[in-house]
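Okay, got some structures for you below.
The following pair of complexes shares a single chain, chain A, combined with chain B in the former and chain C in the latter.
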Partner chain A sequence: MNPSPWLLPALPVLPAVTGGLLLLLGRAARRAPAGVAAGVPAGVAVTAAVLTLALAVHAAVTRPATPVRLLPGTGSSGTGSSGTGSSGTGLTGDGLLANGLVVDGLSAVMVVMVAAVGLCVLVFAAGELRTARFHGLMLLFVGAMLLTVTAGDLVLLLMGWEVMGAVSYALIGYWWHDPARVRSGAVAFLTTRAADLGLYFAAGAALAGAGSWAGGAPAPDGPAGLPAPWRDLVAGGLVVAALGKSAQLPFSFWLSRAMAGPSPVSALLHSAAMVAAGAYLLLRVQPLLAATGWAADLVAWAGALTALLLGAVALAQRELKQLLAASTCAQLGFMVAAAGVAAVAGGAAQLVAHAAVKSLLFLAAGAWLSALGTETLRRLGGAGRRYPVVGLAFGVGAVALAGVPPLSLWVTKDTILGAVREPGLYAVLFAAGLLAAAYSAKALAAVWRPGPGRADARELTPWERAPLPVLALAAAGFGAVGLPGAFEAWGRLVGDPHAAAPSWGGLLLSGAAALTVSALTVSALTMSAATILVRTPAPVTPLPVGAAGAFLREWMGLERMAVVLVARPVLALAGALARFDDRVLDAAVTAAARAVRTLARTAAGLDDRGIDAGVEAVPRAGLAAARIVRAPFETGLDGLVRAVAAAAGRLGTLARRPQTGQVHLYFAQAAVALTLLAVAFALLR
Partner chain B sequence: MLAIVIFLPLAAAALLALPRLGARAAGWIWIAATAADLALVVAMWAGYGPGRAGGFAYETRLRWIPSVRAGYHVGVDGLSLPLIAMTSLLFLLCAVYSLRRTRRPRAYAALFLFLQTVCLGLFAALDLLLFFVFFDLAIVGMYFVIVGWGHGDRARSALKFFLYTFLGSLALLLGFIGLYLAAEPHTFDMVDLTADLTADLTADLTVGPPRAGAAVLLAVGVGLAVKTPVVPVHTWLPAAHTDAPAAGSAILAGVLLKMGTYGFARIAVPMLPEQWRAYAWAVIVIGVVSVLYGALVALAQENFKRLIAYTSVNHMGYIVLALGAAGLSGGRAARELAVSGAVTQMVSHGLITGALFLITGVLWDRAGSHDLGRFGGLAGQAPVLTGVTAVAAFASLGLPGLSGFIAEFQIFTGVIGAGAVVAGALSLLGILITAALLLRALHRAFLGGPGELTGRVTDLRAHELAAIAPLLALSLAIGVAPRWLLDLIAPAASAIVNLAGR
Partner chain C sequence: MNPLALLPELLILAGAVAGLLAGLYAARERQRVTAWINAAALAGAAATAAATAATALSPGTFEGYVVDAATNVTRLTVTLSTLLALCLMAGRARGHARESELYTLTSLAALGTIVMAGAGDLLVLVAAYLLASIPAYALAGFAKDAPGTEAALKYYLMGAFLGVLMLAGVTLAYGHSGATAYSGARAPAVAAVLLLAGPLFKAGAAPAHFWVPDVAEGASRPVAAFVTTVPKIGAFVAAYRLASEVFDEPALLAVLAAATMTLGNLAAFHQPNVRRLLAYSTISQAGYLLVPVAVAGRTDLAAPALLFYLAAYAVTNLGAFAVVVATGTDTLADYAGLARRSPWTAFALVVCLLGLVGTPPTAVFAGKLLMFAAAWDAGYAWLAVLAAANTVASLFYYLRWIRPVFVQEGSGRRAPATIPLLAATASLALGIVALLTLLP
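So, the complex of A and B:
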């Protein structure tokens, strides 16, 4: 069953280690002769990516499982624990906690997709970016994603998941001289990490519910069998993490920020890696979502609303990459919704098809950005004609994204729509499909309409051109999995045996609608563009106009909301606490120290003036006593008797004074006396 | 063998007293002694053997003050061995780091060697009085490091550090005396106190004067809490760190702070289990407050060193939280995981924070400032320094693949799994705030455009890299393949949970 157990760990480790070595040794390589060294990082990266793809295909065919256990099982074999929920069959939740690496059907699809898209993107990048840092980080990114999709338990999943987030920070902020780009990387990382906390929480809740950490084989129904409150907490944590990673509402804004990185980064991050991880996780834990009930509904609606609203956001954009970014959120919404409506096969098909389409579109956009220096839609006129290979490939991608028959997303989207039972949800998703047709047509029209040729534009290298036809082929043809017969096999492959191919009626309806909307959009745009071109080189009409347009263009103010509602209050609290720390806590300690010093000084003074003086006073008192004793003999006994009587009389008056009859005064006197006694005791003891 | 490990540095310190020893020779003697010590510790680790089911190894028991039954009793187990190893490594790397540009190198080396003996002795001590002696000597040693080689307002900071932690140690002594009096026959021996006598001990403490057990826990707890430190008795920490020399800060944060948490795990939890369980919620609250408060205050810092000092409050808070969770009644597996995470965090924090403080030392060496706002864009002229800092920062914020994650994941999962769901969820926010503040620091000093002092900063020198890189490499090793460490800790964690559950 497991021919070579080390091959599976090698799948994530090979790219990750190669990437790490590139990062470590990249500087050393730079000192080598320039002509030789320049291509080395890219060459290493592409070679590693090819080997990774080979490993991925091998893993997909052999379906290995390797019991890697990062944390030791407690109680030696894990059975001696006195857990609460270990009763029943297969309910231990071990499916979440200690399985090591596993490649099942769904993982098999994912590893091949990740490795293939990764290879395409690295080949493209070889033509443009040459630093070891870039290629090293990209390989690390691919390795982390591969770990995420082969992880059989939450620990390994979390490792891949978070490393991917951190590497995305480094890649988005790749041009680190620019503070805005660095900040974008930080926004992306912090937003996704905020959601990642859900995964940590889920791991804890799973342990609490299962009562044991280690254990035997993966449970057949895994986390879905946990006892009630824990099952829901696990589901909640996983859903939050997945929504964050997949840039669903309300986390979507980080994906807009992610555009600050180089285009190949976007091509990978928006298609097969990072955002895909969230959808993948939801598809994988679909039984858990269904078991809780509420989680499935929540996910379905979160996905559908993201598909609709971010579709509108995409339509409102003026920059090509921002349009594509918003469309990524929207398209992932379909996959997330698929997990909610138990259309695992459909969601997985959509995921793969979208990965091909979106990496293709981003690579094309990146090619134009680097060649023409712009990605503003209204300046991209003529780009498609100037670079026909890129233009054609982009055309295939855009038409597929629009959901126009017979290309891939038309079919895969319908496999999801076909599983929706709730009319409201269906309506939202259908409308989202129409928006996809509109924004895709807008992008297509922008690059294919005639425009001025640029004299300074550079030619593209063969490296940059090579991956585009390959991806275009996949983008066009992957819909074949949705055909009757093929789709059932696909469903069995990804672990969804009840998958049903979409109905012809639904396909016709959505195909016709997509075609119509696309055509209308194109004609509206070209007409207005034509009229505008005659007079001024003004913008291609931004379709939604006015305040609503601005609102959508700003991604519905999501980032502002996060800043105002979360970031600023936290920073203000931090500042306030820091002042409290300095001015109250620390000052109190200093004041206490000072008080002690004052006390010590007082005691020292008392020591000098009191006790020491007292000691000196003794001889003096002796002399005085001697004088007094001598006095009676001089003044006579009579005088002494009179003096004693007078003194007694004065003492009597004095003694009457405190006898006021008021109890609180008596108390006060007693307190003073006791304190004096205590002091005297302390000093004289 | 353990005695050699403990006292070899002290012997080397005596060697440094020889007249007419040059500065370079002193440096090399220092490195040689610490390297030999580390080699011995590695040999000890190898000899400790895998799969050892608890108990102490390399045990020595000598008469010391028989009238109060205090002995020279030392030994190691899965709780102390990782800390001893981490301590030896950190002292070696501090020696390497201080190879150049140190004032009065002989005295400096001798002081650090003395401190090393004290620290190793503390982690090996199995007698309360011995523990206390080492505890106080460490304070004395660190006081002289700060006052002699620090910068800024060092005399004041050193005095504050000394008085504050010394006062704490007096509370600790009071608690130890309470433990001594409660045991029958009276003893300071930790093994006796935790072993068969303990049942009587807690009984005595509960039937004796009312709440005597709680009072003893309070005394011990306050003493250790000041050292750890937890909020609100942490304010000596930023001052001491800001003005200490970099190597001193690395030792202070990496090793000395662990004395507090180690004391909790070695003394408070096993010797006062009933009280620990009764007040577990209070410990958990203090832990969560330290986690969040430390992270938030760190977020507002402008001084890189103060910022790292406050992240220490945050990181030590996780340990306190995890040890508090050990006193809960939740699943046993979860509690063991939490304790294992706490021990891992002690090691991991020593490595990562040690590296970060050495990095601040590089900035101070070049530019004489720790002010984040005066740097910027260092990545251009100091790429190695930037890369090292980035790795250390990501390790500190708990990125998987580095040791911080292994520690914190176990703590979170264990704490939530043991039933403290809300506390666990709140403390999770700590790693988000830590991420924010470290990225902010990275951005301000190392990325973006150049700042006022950027021109003065040159890249890492060989000996600096040789001091910092092993810490991060080890953090990576623990992060990627932690079993060699966790399997050593597991029996000790299990034993602590056993003791806490009596």
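So, the complex of A and C:
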């Protein structure tokens, strides 16, 4: 079952270490001749990504487990294979805090997806960004993400989660000369970081809960088996952390800020990796959510509302990357809702399909941004025709995102909708699906609209073109897993054996609706389909107009809300506490110190007088000793030290006095000393 | 009686004689071969000593000579330290008219030191004292320059005077007990003081320490390194044997230890000449080394403490002198900016000086730890406290040397780092190994 135990740790370690080395050695490499060294970081990164993908495929096939014991006395056998459920708190069923690395079905899907998308993005980036810093950070990120999805317990998960967050900050602020971008990185980082506290909270609650019930009967079904208050606390913490990482309401705004980073960063972080980690976590702990009773509903509604509202936000955007970011939030809403309605298989399918689609769209957007220098929808006219490979790939991705048959998201979205039992929730998610069709069509129309050719546009390198068809193929074809027949096997793979395939009726209904909405949107945006054919540029009218449009375009004022409701009160509280510290605590300490000093001075004065009196009593030694002792005590400790040093120095001079350099004096001294010793010890006898 | 047990001593003697004979016939520019002969003999002696220690080959007593663990450790320490000193000398003496004599004298002094440590009879001790001293006098004046001649004369006169006192002590002890073998001889207090005069002279301890600064300053630097380090080893082991077998005067030795360490430290305080500074430092180290001698026979820790401290001190002190040899200057001010010019030499200097203070993880730290433990264990807590206070005080003058190395800009030549680094590494390694063995 576990043929080569080192291969699994190698999976996160290989990219992380390679990335770390690139970061460390990158500066040295930059000093090398440009022609030689320019391609080296990218080459190293792509090679490492290929190896990582091979390791990931191997891990997915062999499903190894490597126990790693980080905390003493927790967990059980440490074998850590999935589903054995012996002591019942682990993410996969074993000890919550001592499982090590595990690749089960869901993890297998995730590692292959992360490694594959990572490879595509790094190949793309090799044509555009060539610094060792970029590639090193990306590899580090891939390693952290792989650790996150193979973590079998909360401690390892926290490690991966933390590194991922920190590297995302560095990547979003990659162009650090621009303060606005760095600030965006900080906003994104701080927002996810604030939500991450939930994960710490959950880990603490799990540890406390597991500790308080040590020796009791092992629970049958993982973390869901914790006793009542701890189970709810763990679930609450995990939900907050996952919603934050997946940019769900109310945290969504950080994803808008995250667009300040390079496009390849978005193509990895905001499709397959960082945001997906939140959805993955919720899918992973779905039994826990269900066991609490409230968490599942909360998650389902949070996801559904995000899908609906951020869909509207996406529709209102004027920048391509902002549109894609909002749509990422919306699509992740489906996965989060899937975790809420126990559609683990559907959620996982949606996650993988969306990763391929969104990675493709971000790469295409990045290609245009670097080639044309713009990502404003209004100015992207003609982009699709100017770069047909990119345009076609983008078209496939956008059509898939719209949920148009027969492409992937059409099927995977319906696998989730099919599991929803509550009519209200179903209605919200269905409407969100229609919005997806609308904003996808808007993006598609914007890039395929005829537009002026740009003279300064550069050609794309083969590196930049190569990954796009691959991702387009996945985006188009991955829906096959959701078809009846295949879906049962998929469900067994990701650990959701009761998954039901979507009904043909539902598929037809949503497909037809998506097609209709897309067609309506395109025609509404371009007046008539004929204008595309006769190549007359037509202005793109943003659909929602007026105040509502502006509100949506600004991501519903979420960031301002967060600043007003959270950041400012926290800062005000911190300021108040700092003042309390300064004026009350510090003042007390200072006063105490002053009192001690006064006391010390008094004592020194007494001492002074006492010693003086003593010195006066010895007339011969008096003058010399008083000179040494009195003055220093007046100036305090410093003087005391100096007095000791001076006395020692004087003694030192004295000690060298016998060293006259004259042999007869040496003889005399040695003879006298030995005689004195002999006499003294002979008489003592 | 197995004559093989004396193989290390015989090897050194053979090396010295062969070196002298080879030197007589070798051309001046080929005298270097005598260094190799002596070094090979010393290395062979070290190897056979190690083998003797490892296989416990006939541990026992010749008439008047003891081959036990203490002798074996002394053999190893002395031969290896002498090898290090030979490396220092060979670097400076190439092409000297009397190059071969330098190495032969060094080997003979080392031999005398070992025999002093192994002596089990007062008469052997006297002979060994002479064998250890006379080549050292010649070494001190080897350069035939004014400071060297003066140093040699002072060294010789002090040695002769204190040697005579020691002989008087032997006479008294023989008259008192009718035996000169340690096992039979008993010395009353006066005889004990007189007997100690010789070892105290070799060890550079008060009140027989006067020669140390003068010789350290006047002799050539490698010779100073040798004579302030190697003869001490035998002297302390001899004193230890005397104190545990021939007389029982712990208070006398404790007073001597206290006086020596305090005097050495105080005199080193404002010393601007690094050789004199190191000389006073070796005097204070001799004070610490007298502590386990004082508690000899009162605690099991005394012998390990003494032997380990000796080894640690020898390598560390030679390392510090090696830096002085490498830099070629005696003035404290000339060490300004050494860290910039020769970082590795500066590193070795810092390791050796902090080692002499007794900073973990250097070897002297472990030695001091053992020494404190021995004093405490034997009921001489006041001596341990005094030694600790002296250790703290000694930090002052070692830091006075270290500070300019780092903080000031200075001009001077670069100093080769090989031998200092070797000694510093040995000091560190010895300390780490000792701590790893001591700690559990």
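We take it that the second predicted complex is superposed on the first by the 527 of 685 C-alpha atoms of A that agree within 3 Å, B and C clash if a C-alpha of one lies under 4 Å from a C-alpha of the other, contacts with A are read in each partner's own complex, and residues count from 1 in each chain.
Quick note on the criterion: a contact is a pair of C-beta atoms (placed from the backbone, for glycine too) under 8 Å apart; a residue touches a chain by one contact, two chains touch by 3 or more.
All of these numbers come straight from a predicted model, not from anything done at the bench.
Participant: Let me test your reading of the model: by the given contact rule, A:Leu197 touches which partner, first (chain B), second (chain C), both or neither?
Facilitator: After superposing on A, A:Leu197 lies in contact with chain B but is clear of chain C.
Participant: Contact-wise, after the overlay, does A:Asp586 reach chain B, chain C, both or neither (first, second, both, neither)?
Facilitator: In the superposition, A:Asp586 contacts chain B only.
Participant: For A:Leu158, decide between first (touching chain B), second (touching chain C), both and neither.
Facilitator: first
Participant: Touch check for A:Ala655: first (chain B), second (chain C), both, or neither?
Facilitator: A:Ala655: touches chain C, not chain B.
Participant: Let me test your reading of the model: by the given contact rule, A:Ala228 touches which partner, first (chain B), second (chain C), both or neither?
Facilitator: Neither partner.
Participant: Please tell me which partner, chain B or chain C, touches more residues of chain A.
Facilitator: Of the two chains, more chain A residues are contacted by B.
Participant: Touching A:Val570 in the superposition: chain B (first), chain C (second), both, neither?
Facilitator: In the superposition, A:Val570 touches chain B alone.
Participant: Just checking: does A:Leu508 make contact with chain B only, chain C only, both, or neither of them? Give me first, second, both or neither.
Facilitator: Neither chain B nor chain C is touched by A:Leu508.
Participant: Once the shared chain is lined up, is A:Ala647 touching chain B (first), chain C (second), both, or neither of them?
Facilitator: neither
Participant: Which chain C residues qualify as touching chain A in the complex?
Facilitator: Where chain C meets chain A, its residues are 153-154, 157-158, 161-162, 165, 188-190, 192-194, 197, 206-208, 210-211, 213-214, 249, 251-252, 255-256, 262-263, 266-271, 393, 396.
Participant: What residues on chain B touch chain A, complex-wise?
Facilitator: Per the touch definition, chain B meets chain A at residues 160, 163-164, 232, 235-236, 239, 293, 296-297, 299-301, 330-334, 336-337, 340, 377, 379-380, 383-384, 387, 390, 394, 399-401, 405-406, 409-410, 412-419, 421, 424-425, 428-429, 431-433, 435-436, 439-440, 443, 447-449, 482-483, 486-487, 490, 494.
Participant: Which residues of chain A touch chain C once you look at their complex with the stated criterion?
Facilitator: Checking each residue of chain A against chain C gives 645, 648-649, 651-656, 658-659, 661, 663, 666-667, 669-671, 673-674, 677-678, 681-682, 684-685.
Participant: Quick check on the complex: what are the chain A residues that touch chain B?
Facilitator: The touching residues are 23, 27, 69-72, 74-75, 78, 81-84, 155, 158-163, 166, 169-170, 173, 176-179, 182-183, 186, 189-190, 193-194, 197, 200-201, 203-205, 207-208, 211-213, 233, 570-571, 573-575, 577-578, 581, 585-586, 589, 593.
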